[in-house]
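Two complexes follow with subunit A in common, the first pairing it with subunit B and the second with subunit C.
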Partner chain A sequence: MLLSIENLHACVEENEILRGVSLQIRAGEIHALMGRNGSGKSTLSKVIAGHPAYTVTAGGIHYRGQDLLALSPEDRARSGVFLGFQYPVEIPGVSNLEFLRVSCNARRQRRGQEELDTFAFEDHVRETMAIVQMDPAFLERSVNEGFSGGEKKRNEILQMALLEPLVAILDETDSGLDIDALRIVANGVRRLALPTTATLLITHYQRLLDAITPDFVHVMAEGRILRTGDKDLAMALEQRGYDWIDETNGSDTRQP
Partner chain B sequence: MSSAAAVEALNKTPYRYGFVTNIETEKISKGLDESVVRLISSKKQEPDFMRQFRLKAYAQWQTMAEPDWAALRYPAIDYQDIVYYSAPRQKEQKASLEEVDPALLETFDKLGIPLSEQKRLSNVAVDAVFDSVSIATTYKQKLAEHGVVFCSMGEAIKDHPELVERYLGSVVPIGDNFFAALNSAVFSDGSFVYIPKGVQCPMELSTYFRINSDDAGQFERTLIIAEERASVSYLEGCTAPMFDTNQLHAAVVELVALDDASIKYSTVQNWYAGDENGKGGIYNFVTKRGLCKGRRSRISWTQVETGSAITWKYPGCVLRGRDSVGEFYSVALTNHHQQADTGAKMVHIGPGSRSTVISKGISSGHSANSYRGLVHMGPQARGARNFSQCDSMLIGDQAAANTHPYIQSRQPEATVEHEASTCNISEDQLFYLQSRGIEPEAAVSMLVSGFCRDVFNQLPMEFAAEADKLLALKLEGSVG
Partner chain C sequence: MSNATQSRSQLWLETLLQALAQRPGGNAAGQQASARDWRLPTRRSEAWRFTDLHCLTRLDPTRLHTRTASPRWPEAFRQASSGQESPARLCLQLDSSGHWLGPQGEPPPWPRGLMPLPSGNITPGQVARTLMPSGPLPLGAALNGVTPGPSLGLQVSGPDPVHLDLGIRVEQSQAWLAPHVLLVLEPGARLCLSWHVAATARAAVAPMVEARLGPGAQLEEAAMTWGCPEAAFLGGSFVHQSPRSVYRRTSVTWGWGLSRDEPFIRQRQGQAETHLHSLAVARGQSLLDTHSTVYFDGPAGQLQQRHQALADDRGHSVFNGRVVVPRAAQETDASQLSRNLLLSTKARIDTKPQLEIVADNVQCTHGATVSCLQDDELFYLQSRGIGRDQASRLLQRGFCEEILQRLPQAALSWPPLRSLLETPTPDQP
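== the complex of A and B ==
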């Protein structure tokens, strides 16, 4: 088991947002996580990545058999957990190139690879940018500053490609993308989906799942996973909406 | 880790420059009166005009009171408990570097400022000042070929008395303020630069100030003159040993730019700041002012202030020339119990004069960081413009930041724009960097240097990276 989430409860201040999430992800699998706005999808992803705003009150997460919650956010990233943010923040004044280099080297160091100096890294990042069809001009800019929504999402995919994670969580990376950008993102994700890695796609749209076929589809509501199925579940949702899940509530919560 | 919690564990920032050099010094006894002023002047074998300058300044100083309007708190300074003359004992006239005490050369080596021929910084000429006495100036010969004079103030008084007499005190009058008057009476040494007409100084000039003594006050005097169409870029760096007592540093810097001349003056100030409980550190009371005397002249101050227990410093430009330009780019970082009250003074006299002020204050720990700036538009300053931007960043919830802009306008056709902002290091920015494998300390210093980018871009290339590293070092221990 690559990532195993067991009965996870998490809250912000006094509010419980995750109310017992369980999810098992094996190497080689692609999972889709769907659900209404506010159901707790982003919260789940941020708890996995270690955001300090959330307190885990019960349950746990194991990553490659290790207690993930015991690790600092930077340690999680270095050991191969990646979160592509729904809303990547802008960091004025910090060069994207420098940020990507420091980040990439932190991961490389953990994997026992040599660190890349400025020149070597620039070659490496330019090659990688070609995959996400991103203009190298974005290297000169400040991290995400003034990037359009689509450009920010591509920058997230670029980071994923550079960090070569074992578990990649992409939080609505497809939202707000035009058809071309969506295709680029989907290609990027497909390229990086290996037998040794796993992907958790948080999405509202069938069109991403047409490009990347998920092995499992989960539907989240009020901080729990209500329903798990295969790609047909996503298709049914697309046609019938989340109300349909509410009506058939909880009848099928088997775990993969 | 939350950024608030992160700051809890403020701990010892290692200060790399805290060592003391064991060297024989010539010191006079503590205390100040007229005979001490005369003694300093005679030890330096000064001409009569200098002695008069000092005595006049001393007389003025005695009638003045220490300013109390800054947002700074420190115990009263006992001016009779300070040594006013201390110099490393060495041969009077050093014909070459080989005659400089090896202990001094070694000190500067350790500070990363090698002075010996083989190891010198390329394309940067350095005047090394040790306890307020210039011990060596590199590349003098090469500069002389261009007519550039770069030497200690002491040498300038001997070799170029007419220039010194004409310009010394012309920008910062001896009675300008309490600390300037004190400096004018007792200053020991400093750097002198003269760039003749039409000459672009072929290399970066730099003075490195090193305080070594624990009971001597430090009073340097710097004078830079750029004649018509001349230009120069100058950098000063400062460090001091760690003592648990405080040392007074009261320097004066005067710049004069004639028609179409330009002077760029950069400072990387890293005096010892005291320990994490606020014990020790330098009291830094400095007067820096540039006179844009000529038309279209330009003076630019760039400062990265990270050290000192107390900083009291308001670099300014007097924009007398028509269409002259004044600039001030500042990063002031305070940590632990440091206090800084600093900002720019832009005095617009000439029509069409322009000035820009960009100030970035970062306060961490229990420190206090105030921006205090003045923009004055005189009655003749038709069409003059000022733009000021003061941004403060708070790290943790124990630090304080304040902005006090003073705007005086006696010219309706002058424009003054002031923008100010305060932000905290955002938890989401910090988390974003951490979630990419970057450690919190590195992340904070990345965010801080991003915040300061506009100012760092103004630093001479050779020093921009240095400033970045310095900030990172200073912030060490500001996150747990």
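== the complex of A and C ==
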């Protein structure tokens, strides 16, 4: 078991957003998490990554048997948990190349690998950029500053490729992408999904799941996972909408 | 300020003026006369309400000297200065007699396009007085004016850019340096001026730079000033711009116990471009104050100004950006932005735009922000495995970098400046 979420409750500014989420993710699995806006998908991803604005009020998260909530955000990342942001943050003045190198080395250090100096890292990052077909000119710019929506998402996948996480959570990585960018990002995600790793895709749309076939599809509403199924559940949602889930509000939660 | 404090500071000023008058070239009678009607500014005056001169008046006026040390010129400057392939570059350092000499102490070989002005043609304050015909000169310029010493006056001509690098280093306590530089740029001339001031002891540095830009002339100035917490800096720059001239100034200030920088730019007939970018990094108990003035006398002048300050510990940054647009200055296009990072509960930022606009057909914008580090930015870096302290330093450096990247590449190799630019090392476990 890579990631085990048990009855997780979390709030922000005293508003309870997560109301008992349970989810088990094993190595080699791809999970898709769907649901309306405001259902708690992004909150779940941020709580896993350790965003300080959210407070866990009950339940827990274990990552490879370890209490994940006891770790700082940076320690979660160093030990292999990755969050691809829905809205990647622009950081003026901090060069993308340097940011990538410092974060990549933080992860390498934790894994007992040798840190890469400027030159070695530049070779490494240029090779990795090919996965997401990203122009090396973006290395010289400030982190995400002035990047288009698609470029920001490619930069997220580039970071994921460099950090080689064991659990990757991609929060609406497909939103705002045109068809070509979606294909490139999906290829990147597929290439990085290994038997030893797991991926949690948060998405609104079937189109990402056409490119990446999930093993499990979960539907969230009001801070809980209401239903779990396979890729057919996503297809049904696409055709029938979320109202259908509300109507049937079944407890077909065959947890993996 | 109490009467006792005021009389102490007046006594200090009188003693200082007497000491300066006794230096070679000093004018004892004139300076004693001026002491009678000259007062050090106090915090009662609006322009000095946040700025205390204590760091300056802690100097002992009876022990002042002019001894300088050799600046530690980075290799990039040494090579450029000695190489025959780049004749239009000159590095000069201030010696203990107030003369400007090459890095090896040699008299400067004047490159093409740069010619010394006859000393009889140089009077400190001659440009300043045309820009500020009435009222007292700023404190730094006034103190510079009463400090005897040779001036550096240069005429710049020709369309090819000339690079002039000035270095001042102070290592001995009680040094009092007030170099004066006058630059006359002929029409169409181009000068890249970079000056670097470093003070590692209790001392005062009060440079005055005066520049007259002919039509179409371009002056690019990079000023990097660093001092220890016991050192004071009082800078005065006065730039007269003719139409079609371009003046770009990038200044970086950090470390000083007290720094007061007062650039004054006047577009005599408008139709010129002024770009001011400044960075102040106030840590410890540093007080860094920038009071700038840009005056448009004619139409269609342009100004882009950005002041960034970072205050941490008990550091204090003060910015006052005055922009004067009288009726004659129609179609002026001016923008001013003051961005500030406040990193500690005991640090302080005071920032004030001062736009005096009478003309009605102008575009003048201003803005000021004071914020701490953004949680979302910190979290983004942390979520990539970067520790919170390292992330914080990375963000601070990124904030500085926005101004630093405007400095010429060679200027970034000065060792103290590199410390602002170093990649923060990972947090120790």
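Operating definition for what follows: the second predicted complex is superposed on the first by the 255 of 256 C-alpha atoms of A that agree within 3 Å, B and C clash if a C-alpha of one lies under 4 Å from a C-alpha of the other, contacts with A are read in each partner's own complex, and residues count from 1 in each chain.
Following the convention adopted for this analysis, a contact is a pair of C-beta atoms (placed from the backbone, for glycine too) under 8 Å apart; a residue touches a chain by one contact, two chains touch by 3 or more.
Quantities reported herein were computed from a predicted structural model and do not represent experimental measurements.
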First, second, both or neither for A:128, with subunit B first and subunit C second: neither
Which of subunit B and subunit C A:74 touches, first, second, both or neither: both
Overlap of the subunit B and subunit C footprints on subunit A, listed as residue numbers: 49-53, 72-74, 76-78, 83, 85, 88-89, 91-94, 98-99, 102-103, 106-107, 110, 142, 159, 163
Subunit C residues within the subunit A interface of the complex: 375-377, 379-388, 390-391, 394-395, 397-402, 405, 423, 426
In the complex, subunit A residues that touch subunit C: 49-53, 72-74, 76-78, 82-83, 85, 88-89, 91-94, 98-99, 102-103, 105-107, 109-110, 142, 159, 163
In the complex with subunit A, residue positions of subunit B that touch it: 1-2, 5, 426-429, 431-440, 442, 446-447, 449-454
Contacting residues of subunit A [partner subunit B, same complex]: 49-53, 72-74, 76-78, 83, 85, 88-89, 91-94, 98-99, 102-103, 106-107, 110, 142, 159, 163
